[in-house]
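In what comes next, chain A is part of two complexes: it sits with chain B in the first one and with chain C in the second one.
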Partner chain A sequence: GREEKNTQAKSKCKGKKEKKKEKRAEEAEEKGPESESAETSSSTRPALPPTFSLSEIKNKQRRQLMFMKLKQEKRKQKLELRKKRRKEREALGDKAPPKEVPKTIENQRVYDETTVDPEDEEVAYDEGTDEFSAYFNKLINPKVLITTSDRPRGRTVRFCEQLATVIPNAHVYYRRGLALKRVIPQCISRDFTYLMVINEDRKVPNGMILCHLPDGPTAHFKVSSVRLRKEMKRRGKDPTEHYPEVILNNFTTRLGHSIGRLFAALFPHDPQFQGRQVATFHNQRDFIFFRFHRYIFRNEKKVGIQELGPRFTLKLRSLQKGTFDSKFGEYEWVHKRHEMDSNRRKFHL
Partner chain B sequence: MADKSQTCSVWLGSETGILKGVSLSKKRAFNFCDMSSVSRDQEICALTWGDRQESEVLVGCVNGSVKTFSTEKGVFTETRVCGDISQGRFTGIAVTDRSLITCVESGLLKVWTEGSADTVEINVGGEVCRMRQNPSQRHRVATGGKENPLKVWDLERPDKPIFTAKNVANDWLDLRVPVWVRDVAFIPDSDRIVTCTGYHQVRVYDPSTPQRRPVLEAEFGEYPLTTLALPAGHDRVVVGNTHGQIAILDLRKGLVRGCMKGLAGSVRGLQCHPSSPLLASCGLDRFLRIHSLEDRSTVRLAPPILFSALLNVFFFSFLLKLVGSDAAGEVEEVKEEERDEVWDSMETVSEKGEKRTVEEEAEESRETAEKKEEKKKRKKAKK
Partner chain C sequence: TVSLQVIWDLISNRQFCSYKVKTKTQQFCRNEYNVTGLCNRQSCPLANSQYATVREEKGRCYLYMKVVERAAFPARMWEKVKLSQNYEKALQEIDENLIYWPHYMRHKCKQRFTKITQYLIRIRKLTLKRQRKLVPLSRKVERREKRREEKALIAAQLDNAIEKELLERLKQGTYGDIYNFPVHAFDKALEKQDVESETESEEEEEEEEEEDEDVGKREFVAADEIEESDLSDFEDMNNVKASDDEEEEEEEESEEEEPPAKSKGKTPLKGPVRKKRAYVEIEYEQEMEPASKSKAS
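So, the complex of A and B:
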């Protein structure tokens, strides 16, 4: 109470180091009657956690100082521990236990029951006869129509143009305020296999609807982190007309399989290796990262890659069974934030 | 195969044409199909019990064939062709004592009597979404569809429906309210019928009253309601919509009592167990879930079972009791037959208009005719 105030008033005039000493002395005083043994164990600080934490110190400068000291202490202890462990490991030599793997969110991922077993017959049959089978049996070549929401601004327009260079056989059309439900039958009659609509909000693309055309599933994604060609550092020259290869990473669950096939069917089935271009869809923690690279093998062990083309990330919001019909269509998967995002270690793709 | 099929308490039909049985006591699912003839045009769109003892399952496929599956033997025993693809999918299959009733999307309702080759055909109207049979009066069926209002048909007099629902009054803009009946159910122990529509409305009709408009109307959500189920007890209905939301509605006032969590895809099938407060749901997200109606949680005894194909329809076996975790692997057969006897022996309390026989209806028509005559007389007298 009063004693504390007095001491505090005095210490305001003093320098930093003195302040620290005083604080330590105060703490020691307070802890004195409580734990004498604790004092003897550590000279500077009681081992028992103080009943007041650093956040109770009202003076900002002093609080910051104490916190900095705490961090330095911790770092020191950590380093000591590490050195000790390394010495032990070297001392043991071959008999040392294997290094522990650090826990990451991907490691701790809740096992998803829908993970597809590669030998599952039923899934194989299901995939063999679903809407994409015509494409995967090399019967149809993809033809993509790219458009935007109404009245797109410059960034979205440039994004669409760049997408059209990346995806072979893609055509960009201006939207003109037309209703998608009316656009779709026209696309079907002109033999398009995909309709891609980039939605724009505040002059920036933020959503994508990917609709497989004859009667296929419609996926609605949230688009973020769009980088156009101009903004990429150390990029290569513009992509050529060669068909790129497609890499799909980490689409393990049943839903992931469907989405992976959706992406794969965007590109023609026979990549032209002469073009040395590759489009990658990498799924991590339910985010799908799209990258477009050109590679060259310098020798058997070294590869050089250049990133070309736009890059963006997608997050699946819903997968609907028929063609685009958000009001009356049946959804195969809908992202429900409160139910699905409650666990940090559970992912659906 | 036979022992597997005998332990299955839930039967599901998938889009790939495979009939699946789930044994909840063993928590496993089994596929029943001939692998050679699996194809997409055998997609199962309707399932029903073949008889009261629940020994046969009738499976309706997209290509128009109805297959009989015996639960005791575990194999498909019979196939009948009851239509073809051009007429649309089966929207309902039902069985009476000697005949099979099928209804397809184009509106053709056929009654196939065993033994004789002739069928009774009724044209129910345009696009039909659902046909259901009244569980207590097995010769009554109800149909409904898109721009096809609810109609109740008596199969003994197939020319005209007994009851045709009238559309609701024009809305506040004086526009006609569109009609899209997606699922129908008969409320047990009364004449009332509950429907759910594609415009997220739930309506209750009462054919016993002269009012042809719905007695009660309730709304839920913003997405089309696909299925409904009636739990035991007469005042609640469970509906599911295309977004995966399942809600329990109270039929006394039309309020939402609660929602079930868990489903991520469109709800394709909902069924309530008749005795225990359980609800099972299946949908396009390929899971079968069992929910508890009392506390709306997903019951622990049956975690969501995954299937690798989209699930279309399913239903419970009412005979096999859903056993708790105590009895390991044993299935107790509820004595359904005894229960039936108990019900039969009780006197039927006939309320006004409950059991309409032919005579009563004739009387009523006579009464209305008399009333009309009286009215005419009165008018003449006034003049």
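So, the complex of A and C:
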């Protein structure tokens, strides 16, 4: 008590090093009655954990100093451990135990029971008879209508134009305040297979509604990080008219499967390999990244890719069974923030 | 009893009126029973004994008249008359009810009634049109999502994934015969043997064998999806009949499309491939030879 205060008062006039020494002396005093004489090799502080924590030190400078020292010690210990382990491994040579795999979010992902087994017959049957079967049986070629919400601003308009170059057989139309429910029957009558509506907020596209037309499912996505062509570094020339290939990565669950088919059906099924263009939809932790590249095989082990075309990321918000109908539609899947966002290891796509 | 003039005098300039709102150029009156919205001697419901307004409730318009005898009981002061839905009839009703009233009051009431009917009509029209639903964004959630997206992007390693997938497809033969890449082992054997007695058919057979071996050996790429559409593509590509001339044309086109920087990548390939092709060309592709040679240089 009083001794401590005296020493504190004294230390205010002294420099840092002296302070440290004083601290050590103090703590030795404090811990004297409690601890044993064992001390770590690196410092004069005792090895037994003191019954007070660092947060109880009222003096900020001293507290910070102690914390820094604690951190340095920890780092040293970690380094020593590492070295030891490496030496052991080298010593054992071939007999060494295999390297431990670090934990990643993908490793620790909560197993989703709707994960698709590649040989699942039920899934295969479903996919053979769902709304995309017409496309996948090569009966129909896709025809896409791209439009926006009311009064689109420049960025959205340019984004739509670029999308139209990426997706073959796509047409951009102005919205002009039309109701989607009236637009859809007209599209069906003109043989469109897809309706894509880019929603805009504050001059920037932020949502996408993708509607498969002859009463197909409607997916609502949140669009983020849109990069237009001129903003991309080291990009190639504009994409040509060739049909691109499609890569769909990491769509594992049933829901992911249906979304994957939704994307696949946007593109015609015979990609023209002469064009060497590939559109990628890569799902990672429920974010779908879209990229458009031109590739070239330098030899059979190396391929070079060059990014053309816009890039954006999608996050699925809801999947509805019929065509777009927000009031009376039947939703297959809706993103519920409080249930689904709470667990960091659980993903749905 | 305080006279109305005195009331007005006090309200307007000297004392405080809680309904009064002053702007730079005008004074407004926030009283609900005010006919115009302004703070005037003639429009003040407090400073006029003969006062009337039109107000609407749930789409129906009512004429409110002030009964001065009940000025002490503000809750019962206003008399309410329901007006008809028909515009002209309602105007007549206003006239009947406010008969012998000063012209100013009647006029203002009718003006207010007109404006009210107009905005009611507009409301009805708008509800039939599309209504934009505003969904509020939670800033915390947006920040969280942004951060997660960045992390997911880093974890995705998109370029690697795409390259892997493309090489996979090449190995599986989805591209058919467009790219004639000899596999490494075969290449070395070729160089060693000093190409003499190999015909094109033998080369093809060996290529296929090599590809089959690779197919067996290929590493398992976790969580990659081979979609049904792609599978159907594979089948199709196998059935594609590409004549040699067509292949050559395709290769020419693909090489022309390359930007010049990429040709550097191509030239090391030219060596061994050239060797094999030279042999082939002697037998089949004589027409194409000069074109490919000029490009190589």
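In the analysis below, the second predicted complex is superposed on the first by the 276 of 349 C-alpha atoms of A that agree within 3 Å, B and C clash if a C-alpha of one lies under 4 Å from a C-alpha of the other, contacts with A are read in each partner's own complex, and residues count from 1 in each chain.
Note that in this section a contact is a pair of C-beta atoms (placed from the backbone, for glycine too) under 8 Å apart; a residue touches a chain by one contact, two chains touch by 3 or more.
Quantities reported herein were computed from a predicted structural model and do not represent experimental measurements.
In the three-chain model built by superposing on chain A, chain B and chain C fit together without any clash. Of the two partner chains, neither chain B nor chain C is touched by A:189. Shared-chain residue A:264: touches chain C; no touch with chain B. Remark: in the superposition on chain A the angle formed at chain A by the CA centres of chain B and chain C amounts to 70 degrees, rounded in steps of 10.
By the touch criterion defined above, A:107 lies against neither chain B nor chain C after alignment on the C-alpha atoms of chain A. Comparing chain B with chain C, more residues of chain A are touched by C. Residue contacts after overlaying the shared chain place A:295 against chain C, while chain B stays out of touching range.
Of the two partner chains placed around the shared chain by superposition, chain B is the only one that A:328 touches, whereas chain C remains out of contact.
By the document's definition of touching, neither partner reaches A:55: not chain B, not chain C. No C-alpha atom of chain B lies closer than 6 Å to one of chain C in the superposed arrangement.
Of the residues of chain A, not a single one touches chain B in one of the two structures and chain C in the other. Put simply, chain A touches chain B in their complex at residues 113-114, 120, 122-123, 125-126, 129, 254, 321, 327-334, 336, 339-340, 348. Residues 16, 18, 31, 38-40, 198, 223-224, 226, 242-244, 261-262, 264-266, 284-286, 304, 306, 308-310 of chain B are the ones touching chain A in the complex.
Here chain C touches chain A in the complex through residues 129-130, 141, 144-146, 148-149, 151-153, 155-156, 158-159, 161-163, 165-167, 169-171, 175-176, 178-179, 181-184, 223-225, 227-230, 232-233, 236-237, 250, 253-254, 257-259, 262, 265-266, 269, going by the rule given at the top.
Listed in rising order, the residues of chain A touching chain C in the complex are 104-106, 127, 136, 138, 177, 179, 222, 224-225, 236-237, 245-252, 260-261, 264-265, 269-271, 273-274, 276, 278, 280, 282, 284-287, 289, 291, 293, 295-301, 303-305, 313, 315, 337, 341.
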